[in-house]
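Presented below is the structure to which this report refers.
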Amino acid sequence: MEYIPLNFPFLAAALLVGVSFYIIIFKKNLIKLIMGIAMLAAGVNLFLVSLGYRAGGTAPIYTDVPEGPMVLSVPQALTLTSIVINVAVLALMLTMVIHIYRHTGSLDSEKSRKMKG
Amino acid sequence: MTLILESGYAFWNPIILIIAFAVVMVVVYFFRRRGQKKYKKDTAQTQIFLCGEEVPEAGQRHIRVGNIYWGFFETLKEYYNQVLRPHTGIINDYVLWFVAVTAISAIILLIAG
Amino acid sequence: MRQVTGLILLLVLVALLVWGVLPPIMRDFGYPPSDMDDYIIENAQEETGSNNVVAAVLFDYRALDTLGEATILFTAVMGVLLLLRTLKRKEESS
Amino acid sequence: MDTLITHSSILIIAIPLVTAFLIPLVGMTSKKARNALVIVSLAFVAFLVFALAKDIAINGIHIYTLGATSPDLTTPTGFMAPVRIILEVDGMSILMGIIWSIVSLAAAIFSFSHIASETGQNRFYTLLLLMVTGGFGMMFTGDLFNLFVFLEIASISGAALIAFRTKFADTQEGGFKYIVVSAIASLMVLFAIGLLYAQYNSLNIGALAQVIQYTTPDKIALALLLIAFTMKAGMVPLHLWFPDAYSVAPASITGMLVITSHACMYAAFRVCFTLYGGMLGTSVVGWILIIFGLLSMFVGVTMAVFQKDVMRFMSYHAISQLGYMWVGVGVGLAVLGNPALLATYGRDAISGGIFHILNHAMYKPLLFFTGGALFYCTGTRDLTKMGGLAHKMKWTTILYIIGTLSISGIPPLNGFSSKILIYESVYQFHPILTITGIIVSILTLASFTKAFHSAFMGAELPEYKEVKEVPRSMIIAMVILAAGIIFITLFPALIVNWIINPAADALINQGAYINAVTGATP
Amino acid sequence: MLSKIVRTVANQLILFILIFGLYVIAHGHITPGGGFQGGAIIVSGVIMLLVAFSSKELKKSLRERVLSIMESTGALIFAALAFAGIGTVFFYNFLVGTPIFGRIPVPGPGPGDIWTGGVIPLMNFAVGLKVIAGLSAVVLAIALFSSGEEVEE
């Protein structure tokens, strides 16, 4: 039942979001951009799953569990949903990048700007 | 009356306007009929007259989109230079705009709201 | 110039997020308010018969989310197969 | 019939979904059966939407609790907060539902001929129906996380459909931009949901609205939700991806994407009015919406005058028209805390903004469809290459004229009746709003005249000698929307009294929404 | 295609991966795991096969048309289970209390019983089928496309 100072998991999640925004904004390689989005998703998922932690709690599964408090179960379900959603998004993004590379021969985001203005 | 749209100051009923429009159209048709007797198809009356010059081909005499409103763009040149600057077409910039607007509006909300 | 402005605004946003999740503003980590979740943890076994509360939440209490999630996977698979399809039409033999 | 109406809200979401799962199986055997299945399911959904609309007009908010022992049992017995996912359909939701059912039906009919020459049609229709599901889910759900899930369904299927024509490079670029923007917006929505869940341990909009305190994390969450949804809806200065993505999609999909924009706009209104409603003590959020709305109107239309690509030109007009709605509803939001001003002009402004959503959802898909018809016939989107098409495409020309007059707000068409509501009510808030609106309206007419002249007018061009009128199904789709325009044109007061004013009241009256969930007045 | 050692080991290992994945799916309602997790485990086995053999070889045994049918079937089973509860409410857990998966466990910590959970185990199987088919199809399609092969319509 120890007290964790300064909400370290939340802090880590917020910083992860910041770092991934840096990657998305300043890296011109499309694969790196997709990695940034994956990291952003990881940061948000970390935030969600750490919301449900109860000090000293066990996993909310009644099979052969010691008596005591359980961590919240809804955030875990939300995180599972969010992870699968991000897998789907990443698969589709990578497919589009394959096509962009096929058409332009480059992975630079400054090269794939046929449309502007 | 459910057919009249009240908007605070005024009201709006399209039926009245459509009836008025129809009346005007009848009058116009009446005038048009009077002139139509003199119209004869496939005579010099219907040819394009260009000061006696030769009339160009269909493709040449069509005014294309790039030539319309030239003066408008010339007048607003400065404005267009400014407004076209953010339209870079780079996806990274789009995300940067999102971050910027979110940061600014969050600060506004924290201070004023 | 653009880089510097962008970096400053990004830092502002991150600072706001970090400030928003630290103790005086946000509740303490490990001590969540838990009305809804307590109800679920206590009653999941009786209402759904499942020992795994997370499974009970996924497939009973919030089943529409899971249907949506499965749909998203389906959508992505359909999207990938749609984009990677052959563009030549096979000779139609009917 | 009563049973059908009790379950109609979930059936409206589930029927397109199940049809989408069936289409890969049916499409393997027969093309005709697949098309028939698509039409029948969408028509049945439209029927259900209208039946539900009638029920809501009589009985008030429709509630459906998923997985409980009874649909009305929102909270478990002996417990105050809702535990399960609740679908909550009020006047505003059902207005969006009516729009979405009509436009998706028209888009499906339009697609039959429009993409007839492409491969991969089974998957195209699967994704189209999934997009319909996502849209209905966003409009009908009463749960924040569920809103996120359906937002993602709509975004992913939309992105895949934008990139449908893989042989062009620009479609891939547009689809990639769309999916990146959607992914970031929806992840930020999820972060905001986490911030709210952390404090109140609830995900239901009504239940959250009852307990929300407007603390600092709530403000950050509001900023994240608001900007993420407005980015997805395409508000200046976050509109940059909007023309890129919308101009390259098949025209039927572009028509539907406009309505997903409206759905995101609806989500933003839901957050502002219902979730935070009573807590927004000052009018800051309203002012933010008004300023960005003015920017949207002006920048959108001036950029549109400049364009040479017909779909891109119409996309910028969509941004500009969205500005009217932001301004109208933003004025209402700014005076929400002041009952006297709200009664004088605030409610009219909200009504005008919402009425404009309905009108825009009729004429903008129609215009996009005519753009798609031009692309179908000429094989190019470039206006500089077109000319003299009115000689060959009479129906398309007439429908384009109807759309043009409507979007420019020429009386007596429907665009005028919503614009007059907006002009007269926002004038009392600040005259500059009305003046900008009128200038933007003039510029809209000017730019559409320009496009009309260069595409349809002039002598018959030699390169388009072979062009014929578009196939019948495309004309039927356009005529459906044009009929909607004519109906609203003739009976604006009827529409306003029956659909629009209840929708505006549903937005303003936060208590009713909360009451329907928790059964207690806040 | 990798060396013969890798191929032989992969051939043996896929069986164990399959069994473990099915175990995780089947016990989703009493132990940690479920349809998504078990499905992902099995798909990792498919990816192993893809690496050990090649996409060309794998295409002969895993046809995309079959995968597509499998995925639609899984999704339809899930939706049908949800629709089956519409006598009361959509997604109502109508099997609780019936002989099929209907036993209710003693409240509180316990050893766990496979015949509990109502529709939850069935839904786990439907989702598992869907995840296996869907992710395999994605991986296979991307591998085939990258190696210049034709992807089925």
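Lettered A, B, C, D and E in written order, each chain numbered from 1.
Just so it is clear, contacts are C-beta pairs under 8 Å (C-beta built on N, C-alpha and C of every residue); 3 or more make two chains touch, one makes a residue touch a chain.
Since the model is a prediction, treat every value here as computed from it, not as a measurement.
In summary, the chains found to touch both chain A and chain B are C, D. Judged by touch alone, the chains other than chain E, held in their current positions, stay linked as one piece.
With respect to chain C, maximal separation of chain centres occurs for B (centres as means of Cα atoms). Ranked by separation of Cα centres from chain A, the top chain is B. In whole angstrom, the spacing between the mean C-alpha positions of chain A and chain E is 23. Per-chain Cα centroids separate chain B from chain E by 56 Å.
Note on chain placement: the centre of chain D and the centre of chain E lie 36 Å apart, centres being C-alpha means.
For chain E, residues that reach two or more other chains under the stated contact definition are 30-32, 68, 71, 75, 79, 82, 91, 93, 105, 108, 110, 112, 135, 138, 142, 145, 153.
Contacts with at least two other chains are made by residues 17, 21, 24-26, 33, 47, 51, 61-63, 72, 74, 78, 80-81, 84-85, 87-89, 91-92, 95-96, 98-99, 113-115, 117 of chain A. Residue positions of chain D touching 2 or more other chains: 17, 21, 24, 66-67, 119-120, 145, 149, 152, 156, 159-160, 163, 166, 176, 180, 184, 191, 198, 201, 216, 220, 244, 303, 306. Two chains count as a pair here when they touch; such pairs are A-B, A-C, A-D, A-E, B-C, B-D, C-D, C-E, D-E. Across the interface of their complex, chain D is touched by residues 65, 68-69, 71-72, 75-76, 79, 82-83, 85-86, 88-93, 153 of chain E.
On the chain A side of its complex with chain D, the touching residues are 17, 24, 30, 33, 37, 40-41, 44, 47-48, 51, 72, 74-75, 78, 81-82, 85-86, 88-89, 92-93, 96-97, 99-100, 103-104, 112-115, 117.
Across the complex, chain E is touched by residues 59, 61-67, 80, 84, 87, 91, 94-95, 98 of chain A.
Put simply, chain A touches chain B in their complex at residues 21, 24-28, 33, 109-110, 113-117.
If you check the complex, the residues on chain D that touch chain A are 145, 149, 152, 156, 159-160, 163, 166, 169-170, 172-176, 179-180, 183-184, 187, 190-191, 194, 197-198, 201, 203, 243-244, 247-248, 303, 306, 312.
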